[in-house]
């Protein structure tokens, strides 16, 4: 009898107070489609309410963020993404940022090209500034290209740092596709190969961030405490994430497509191999113990790339558990209010992050990952 | 004895967990003044955090939204509305959108005129772009006016679609009042009559959206599945909402005021007659079964107009239950976070909405409705 | 036995529902560092989501707000503040507002100077408009300086109202420091003395807002109902808050530093003396009964100044209880959603506030206060 009273009281409690718990339980179902979409929209809403940039709203940080927004729209068709894309495009007056020799400054055009293709209103998008940037960037001389800028960082090729392979190539590729001008793609390939030949480590199957991190076999070679080379997680995330974007829009019969497919698969295999147990990559890929916590921007790009590879038949199902483990951990990095935490600050090599550290490009990586997680299975 | 323990336990539960329930109960009191004001402010805050437009922040979508914000300020004097109004006006540099022949592109000036009248700082508002637009729009030729644009949609009058009667006439009317230049009002009336004569169905007492929906008595006439004419809810909402705005500021002794009063009453009677049981009008007014769910933008405008009519002595008290039923349903369309859902997307004829679909002009319609609901009784 | 069931049931309830209560309890610990920081960030987030200004985003209202944001960043290094500072600076294109003779219109430059000093990216900040403003403001004639503007408010000196001592002097002082040009500081001192000599009441140790409130010994002298002079809380908050900012960046060996230190101490002693029991100053400092409720903008500036004085060794520990009492009350003025309430609207003399009244400069005062409260002890 007493037991039954206790049972009733308990039932009452569970019933009355269950609303709060339900939310928590639902959030743990990180592969529920509705839940993924809600997490992504919360990330968007938080980021839109917390604008940030390095130098200008049209710079590469928003470039990477709005690339994620564009892909999220592509998957979900939720007009909240398109509203944000159009809003920033009009605010920026469809301009790239200003340094025509700098790949960073055209990253924003990925979002402009996406809007132009997917917003059917006539004369809405203005792609003239993008065209002007690309023409100058690819076809005019500058002191990186011609090697007259001999700084200690060896800025003697157009894309002398690996991040650049995310910033410009997918934009050039998409522009070539939309305008049906393959010459842009050929020019892109030329510069891509320069960077590949210089920064890709064929043994480790990872990119050095720039020449400072390529070993020359002397005492100045930068080593991690464990004696390994320094391979930056986000730096390689830029490359493999950029490869997924490139392959998405590159013609199936493009003569050099095989090169990109092969590079993508090589890197993917390596990224899979070194994934930490909890799902998130450390900022120093071969020295996870340097800062032994997951970092979300690099991990977001890796997760996006691997999931894209699965969804597009380039990677087999053995990648699926890795991708799911990564998304579970990415989702856990999101704060209750939508903020995506554990993002390494702007930088050029491995540095630590924290539960509170955020950047718009980290949110972009989260959205990219989510946009492909939604397509799994 | 056991019963008393159970009673105590139950009381404890109810006491401890009652906070969450209280919120829900309060929200059900949709006619409580504080509650209405909170719903309206939440709608404003959500919309300000989710900017959207068709082509530009100064276009008709914000025009309709900020007209709602202006009316909400007029009723409540809550400075949050005025802050939003000023913010967008300064961001837009007090410009209309750019197509001088297009009524849509001056809708935003309703908010500019409102700020100019109600913000007493000297030299704050700049109404020169509005003046220039109106002068060109009303007094210069264009290929709609002169009939040289003979498209299939019969764009051979200035305001060839019924939405236009919301976009331009209230602005012209308010400008005439503020600048004490009745000539603008006369010119407005001339073009209003053109549209009325072409699109108003004197039998149904509703407006066709444009000539595509006016029956010519041949096989091409567009019919709903039930054989009725196509009368779009939002289209007629634009007209009757615009009429309320017009009558609000039109001189009592204006020679054609009677025409507008009569038209307003005729349409109001029809809108009342066809109100669905749950309070919200369907997108196709005479074929509710086409998309059998309430749509909030049209319903918001209807509710605003009817409530305005009651509050201003043009409609009698028999409209009150209809208006209350409509507001109750409108309030239920608002999400917990403030978003006003069930808004049909940008369009030109009946299409479905959904619980999640939203647009800034839907929020504007909600605010317009609320601004008059607050004045009931 | 029955008692044990009740105990278990009660424990269950307390366990199950304790989450909501925990939040409330935590919020009561207003001197917990984490809690202060969270309150400040919530204030920032709310204010960023509710932009407001008098005439333009670059005007004095944002000037005061972003001064608070800058000081909050200085104390906490939370990049959310820096993101907001950079965002508004770039939106304003680093421009001051436009009236070169008006101290109000350069207040925004405090935030620009702060960004320039603390954001290490090269060529990011553009201080040219600030330089041009200061040069015109200090070294060119205008009809306030030369006394040709003889309005009833005696606008016959450059800074004829006490608010000006917050708007321009800290900017000039910081510019002189950053550019190592002491001549700007000397020029600032010249105009400061004009205002001091005219508006400072050496008996009451408070500033009249402007000449309308300086007694001339005739029947037109403005008196509070209790026969006292009118000393506006926010007006004096502008002065003493501005003094703390000035002293922060003024060279230790500046020849007139003693004057500012002395003035600061005199005013601080008076402010302490007249602090109401509940911690918050009334809008009319010597007639608290006129509007007998705490006002947050003035109180925020007073709290900032007193706490800064303690933290910098100018005020002794007897000020600490007053400052803590004030912060406790300021924290209680913040709404659950982050809004800082009880802020008197834009004005020029004592007027009432309300729980809902807010302004960006009130949020700025709150952040200024919090930035020094964090450094106490």
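Just so it is clear, A, B and C label the chains in written order, and each chain counts residues from 1 on its own.
Here, contacts are C-beta pairs under 8 Å (C-beta built on N, C-alpha and C of every residue); 3 or more make two chains touch, one makes a residue touch a chain.
Note that the coordinates shown come from a computational prediction; the quantities given were computed from them, not determined experimentally.
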{"item": "Partner chains that chain A and chain C have in common", "value": "B"}
{"item": "Copies chain C and chain B - interface residue numbers shared by over half, same or different", "value": "different"}
{"item": "Centroid distance [mean C-alpha coordinates] between chain C and chain B, Å", "value": "41"}
{"item": "Numbers and ranges of chain A residues touching at least 2 other chains", "value": "2, 5, 9, 13, 17, 20, 49"}
{"item": "Residue numbers on chain B that touch chain A, as the complex places them", "value": "2, 5-6, 9-10, 13-14, 17, 20, 49-57, 345"}
{"item": "Parts of chain C lying in touch with chain A, wherever the complex brings them together", "value": "1-2, 5, 8-9, 12-13, 16-17, 19-20, 45, 48-49, 79-80, 83, 86-87, 90, 121, 124"}
